[in-house]
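Dropping the structures in below, format is structure tokens.
Below, chain A partners chain B and then partners chain C, in two separate complexes.
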Partner chain A sequence: VSRRLAAAARTGKQPGRAVVLFPHGGAMLPRLSRAGMPLLLILPSLVLAIAIIIYPFFVILRLSFANVSPFGQLRGFVGWANYANVLTDPIFYGSLLRTLIWTVAVVGGTVLISVPVALVLQQDFYGRSVARTIVMLPWALSLAMAAILWQWSFNADYGMINGMLQSLGLISAPVQWMARAETAFPVEIGIGILVSIPFTSTIFQGGFSSIPTDIYEAARIDGASAMQQFRFLTLPLLQPFISIAVVLNIIHVFNSFPIIWVMTQGGPDNGTHILVTYAYELAFRLGRPGPAAAVSVVMLAIVFVFTGIYLRLRREDV
Partner chain B sequence: MRRARLRRSILCWLVLSPLVVLVLFPYLVMLSTALKPTAEVMSYPPHWIPRHWSLTGFSAMWSQADLGTAILNSVAIAGGSTVLALLIAVPAAYAVARMRFRAKPAYRVFLLISQMLAPVLLILGLFRLAAAVPFGDGTLVNTRIGVMVIYAAFQLAFSVWMLAAYFAAIPTDIEEAAWIDGCGRLQAILHVFLPLAVPATAVCAVVAFVAGWNEYVVALTMLRDPGKQTVTLQVVNLVSGRYSVTWNEVMAAALVATLPVAVVFGYVQRYLVRGLTLGAVK
Partner chain C sequence: MTRSASGFGRRLGLAAALSLPLAFPAMAARPETVRVTVAEYSNATGPYFEKMAKQFTQANPGIDVKIEVVNWNSLLQKLQTDISGGTNSDLSIIGTRWLLDFVKDGVAEPLDSYMTPQVRDRFVPIFLKPGTIDGKIYGLPIAASARAMFYNKAMLAKAGFPDGPATWDEVVAAAKKIKADGGYGFGIQGKDVETDVYWYYALWSYGGDLIGSDGKAAFDGPAGPKTLDLYKSMIDQGLTEPGVTNYSRTDLQNLFKQGRLGMVITGPFLIGQMAKEAPNLQYGIIPVPKGTTQSTYAVTDSIVMFKNSKVKRAAWKFLDYIFSKEPRVEFNKNEGFLPTTIAVAQDPSFADDPRLKVFVGLMPNAHFAPVISGWEDVAKDVIDALQSVYLGNAQAAPALQQAAAKADQALGR
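Showing the complex of A and B:
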């Protein structure tokens, strides 16, 4: 195939000879080339993805069944010991529960806010393109950077949030937002929602613009109110987009790392850990790569389940 | 008619206003803090408009945090990964959009699955992989090239999906006309198809570059040496694990790190909508 490519490249410089190589004007390429060419074109992407994405998965799988020293040496196969080790750790259960709360709250909040936002952005109004750009803005911001900006805004001593709440008379003294998990975790959930809105409302805007407008005219003629149109036309037609947005958001939010890691590192007192920050701490702070690998395998399994659901939802496209 | 539109506009902006405030809030805090002198930042209650305007935050972070080096690192890593990802994704996307082959459905599923595996889930395996590959005096750990290749790999699936969606929209007849005029397939690609594919590829390049610029967990894990760290990592390191933080310097650094990216991304963001609703997403 590569020889043919070279030949084609050579003839490329001498158009007269192309006719000899491809007697049908090039539209009908020789058999081997037709079968091998697409595979040759996708081969580099396969190699890179297998080396950097698939292979590390198997590395983690193997680690999760091995006795690994804090410095990373493998010291034999230990069966399910790493998993058992994790299952006796109370921090694991706290993190598991918090992962569920985090995912449900962030994905639920995001979808609930994004539907009306996308609906508004579909209207024709003054300054719509400005509004669209503002709504999309968090997308451009690194999650780690967003976490830093909000951490400073919620700073107990000099932060703008405390200053504003106090000047409005809503609090009497500065609140130590990040010092207690009961306040830090909800703040992190709020930021999680805010940064997920751009992507989600983009999907919904695509959904709204795929709905033909003439059905609304028909509904109006039949006397349907705006509310009825939304309830019985828009929402059912948007349903497939909502499903896709929910599943994709679950996959992204479930392993969203930077917000929590930058703002609280899972603390105080392990009170804001979710599975992904817990696994990272085990691996790179506490020197326990074996249990960390076990937690990673559990997370990967959850992601595979939701990826399966996603593939089913969009089977017709694939 | 115009009055109705005006009324609708006011209503729309009212509905959006809480979100608009929340989105702009951190940017305003950043701007306000970055322009204050240190003493004013460390005072309570805080105020939005600086009493004394000051650029000391910018000069201090530039010299102390060595932000210039960090920006160069980010440009090299994000830029290198973008080039690598596109060099690999453009041919693959061409094959997906233009050619028929039996493995295509399986390849698309493979891409979707690889898209779902975030770097943070695989970070332990990535670290061990990097530590196992000899490079120079040591391994790929603590090298910019290691981070670059990882970013490129995780950008592939999205790039192939999005490029294939755009490529499929480029009419085939132009290429076919070129074949009939005696062009070889490769020549038709070079002279007819690629020029038409430039806008889509440029959008894809911006997305890949911004993703690399903004990435945190791989940089945090791989880049130990401050002289090799990206600007995103450097800014976070100005805060995390430090007892006293000079917030006006941090905000000045954050401003320098985020503003250029936000502007470029804001510009291409509208071209993204189609690619995203069609394909995989990050």
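Showing the complex of A and C:
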């Protein structure tokens, strides 16, 4: 304790006093190190934040104004050239639009499906724990591995999806799912939804169990139908959980890289790029870390704006 | 970390704390470790290099060799990340087309000071040339191949071309017959690495070129739209496999092995795969179809030493070893590449192989990948244009012009 206090004293504004006054008793302690102690207590998280957020942020910011070789050597600074480069690239705007579609579709689809899934899993039925496990299982698989499995499943020549559709008589010839963005991108969105369901439905199950059961009893006595109970009781009470699920999923899905990269690498004809795969391709396939850093900064700005909007909406809600 | 002095010291300290007696032999021997990144050519690549590492260490007890096998599609990405972070291996296989970028950044070590004249004389000169930049040798040719057309004998005989098509007109005619019989005529690659090259075959055969003598993109010249329209018309008529943008080179080769594809252009490595996976399928190998001229693509992969390696002497010893005759013979047998050293080329198992002879005979007309900075940019621009045309999103001429304009920017960087 004394060593910690000494350290606190060192960082504090009145080191001499703190050390001198220490023997007089513990009651004085909070007041003495008013300046140092809080700083000391947040120091570990501050160091962590600097190391994993602020330092990389400045590195990226610096790279985004630099001419960087494919192997990371700084060849000098180029001002806004990297940004101009990116902002005049039509692929960037395609990716931006698709990022929006991707995020809205995956998050929206996930929430829409997860509510009924969680509702069903909340009911008491035979084999519920098995059903819960099955819904949870995709979570245990890494995204990249899940994407590879799906890539095989959607293979035109020997994938199980075409096989199944053909044996059901729904299609006569194999569908080339990944040959066109028009089919590949929706497939990727579908997989994005599928892998997000376990986490989201878990949040909702938690939400359901926090709703007291007696209000349903009261509603039933008043003659409310199941649909009315859902609309006027469950949904409003689930609202905070839906908000948190939406926010967490947006942050996650906006930056989600493995599914698209594994399945189509942004192709064919750049038709499935979202911003994060576009940035990755710039940096690591085309060897242009500078413009890639510029894309990252733009992405950060977008997330910032959306977070700002969200916080404002939240405040108005309250 | 293990190579740096402080890392070593820390490890030693830890070892001493854990078990003092064990720490001393480790310090006495101090084995050098050479890390080697190799590209996965086939399932045999990893085991082959592991075996070489083991044999080498037996002959050179002071040197450990660690092999890392990496998929081709992610090799450059991995190297760029590793080099940026300073965690790259000592030796690596790379596509020779990337070499100029490595040399420009001072990442690759020139090998001339290690190479005695005897070592230099081991190599087939034409394959040593692509790894030489400004008169210095930076990359040794670990693999070399040329491209030719493989055709399914039964399908082509039925289509009236028992010896395979000699020109693009004959390819189209044969593909129409094959289509009528329910097969896929001519395979066109539409995704992943070398999608661009698959079109260059036709481009070159009509006298077009990728980069002009002025160092600017030239693939949008007259031969460009002509040959791209040729491919597109084959796609539109259903003379290729459906959904070409869904087929990589490996996918096309698989269709060929299954006997569903009549014609495909690829490298000698398919010979070995056919022997293993489709031994009963009768096929022939002929030159890339002729347009106005006979041509093909020749490509080498290089093994380079990185400048930041701390064990260059040991790394060179390993290179010297894998380029001696026995290891080379085994490598070429496994992978089916063309011999890059004279001793291997003269070995009866290669010199007398009629199939390899087709490829060797094509070498005088072969185009190597041009030594340019930013090859991957150009490849990406071309692939984008090809895919948009294959998918019907763009017309050949404007798509190629746009790609050429973008490529010029990259070439000027």
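Here is the rule we go by: the second predicted complex is superposed on the first by the 249 of 318 C-alpha atoms of A that agree within 3 Å, B and C clash if a C-alpha of one lies under 4 Å from a C-alpha of the other, contacts with A are read in each partner's own complex, and residues count from 1 in each chain.
Convention: a residue touches a chain if its C-beta (ideal position, glycine included) is under 8 Å from a C-beta of that chain, and two chains touch if they have at least 3 such contacts.
Here the structure is a predicted model, which means the values were calculated and not measured.
Of the two partner chains, neither chain B nor chain C is touched by A:Thr103.
Legend: residue contacts after superposition of the two complexes on their common chain; A:Thr234 is shown touching neither chain B nor chain C.
In the overlay built on the shared chain, the residue A:Gly287 is in contact with chain C alone; chain B does not reach it.
In the superposition on chain A, A:Met178 contacts chain C only, with no contact to chain B. Of the two partner chains placed by superposition, A:Thr272 touches none, neither chain B nor chain C. Once chain A of one complex is fitted onto chain A of the other, the partner contacts of A:Asp157 extend to both chain B and chain C. More residues of chain A lie in touch with B than with the remaining chain of the pair chain B and chain C. Of the two partner chains, neither chain B nor chain C is touched by A:Ser196.
Contact with both chain B and chain C is seen for A:Gly72 once the two complexes are overlaid on the shared chain. Once chain A of one complex is fitted onto chain A of the other, the partner contacts of A:Ser95 are absent, as it touches neither chain B nor chain C. In the superposition on chain A, the residues of chain A contacting both chain B and chain C are 72, 157, 174, 283-284, 289.
Residues of chain C that touch chain A in their complex: 76-77, 80-81, 83-85, 101-102, 104-105, 107, 190-191, 242-246, 251, 254-255, 374, 376-377, 380, 383-384, 387-388, 390-391, 393. Those residues of chain A lying in contact with chain C across their complex are 69-73, 156-157, 173-174, 176-180, 267-270, 281, 283-287, 289.
Interface residues of chain A facing chain B in the complex, by the touch rule stated above, are 5, 8-9, 11-12, 15-16, 18-19, 21-22, 25-27, 29, 35, 37-39, 41-42, 44-46, 48-49, 51-60, 63, 72, 113, 116-117, 120, 123-128, 131-153, 155, 157-160, 162-163, 166-167, 174, 194, 197, 199, 202-203, 205-207, 248, 251-252, 255, 257-258, 261-262, 265, 276, 279-280, 283-284, 289, 292-293, 296, 299-300, 303-304, 306-307, 310-311, 317-318. Those residues of chain B whose C-beta lies close enough to touch chain A in the complex are 5-6, 8-9, 12-13, 15-16, 19-20, 22-27, 29-30, 32-33, 41-48, 87-89, 91-92, 94-96, 99-101, 103-105, 107-114, 116-118, 120-129, 131, 149-150, 152-154, 156-157, 160, 176, 179-180, 182-188, 190, 210, 213-217, 221, 232-233, 235-236, 239-240, 247, 250-251, 254, 257-258, 261-262, 264-266, 269-270, 272-274, 276-278, 281.
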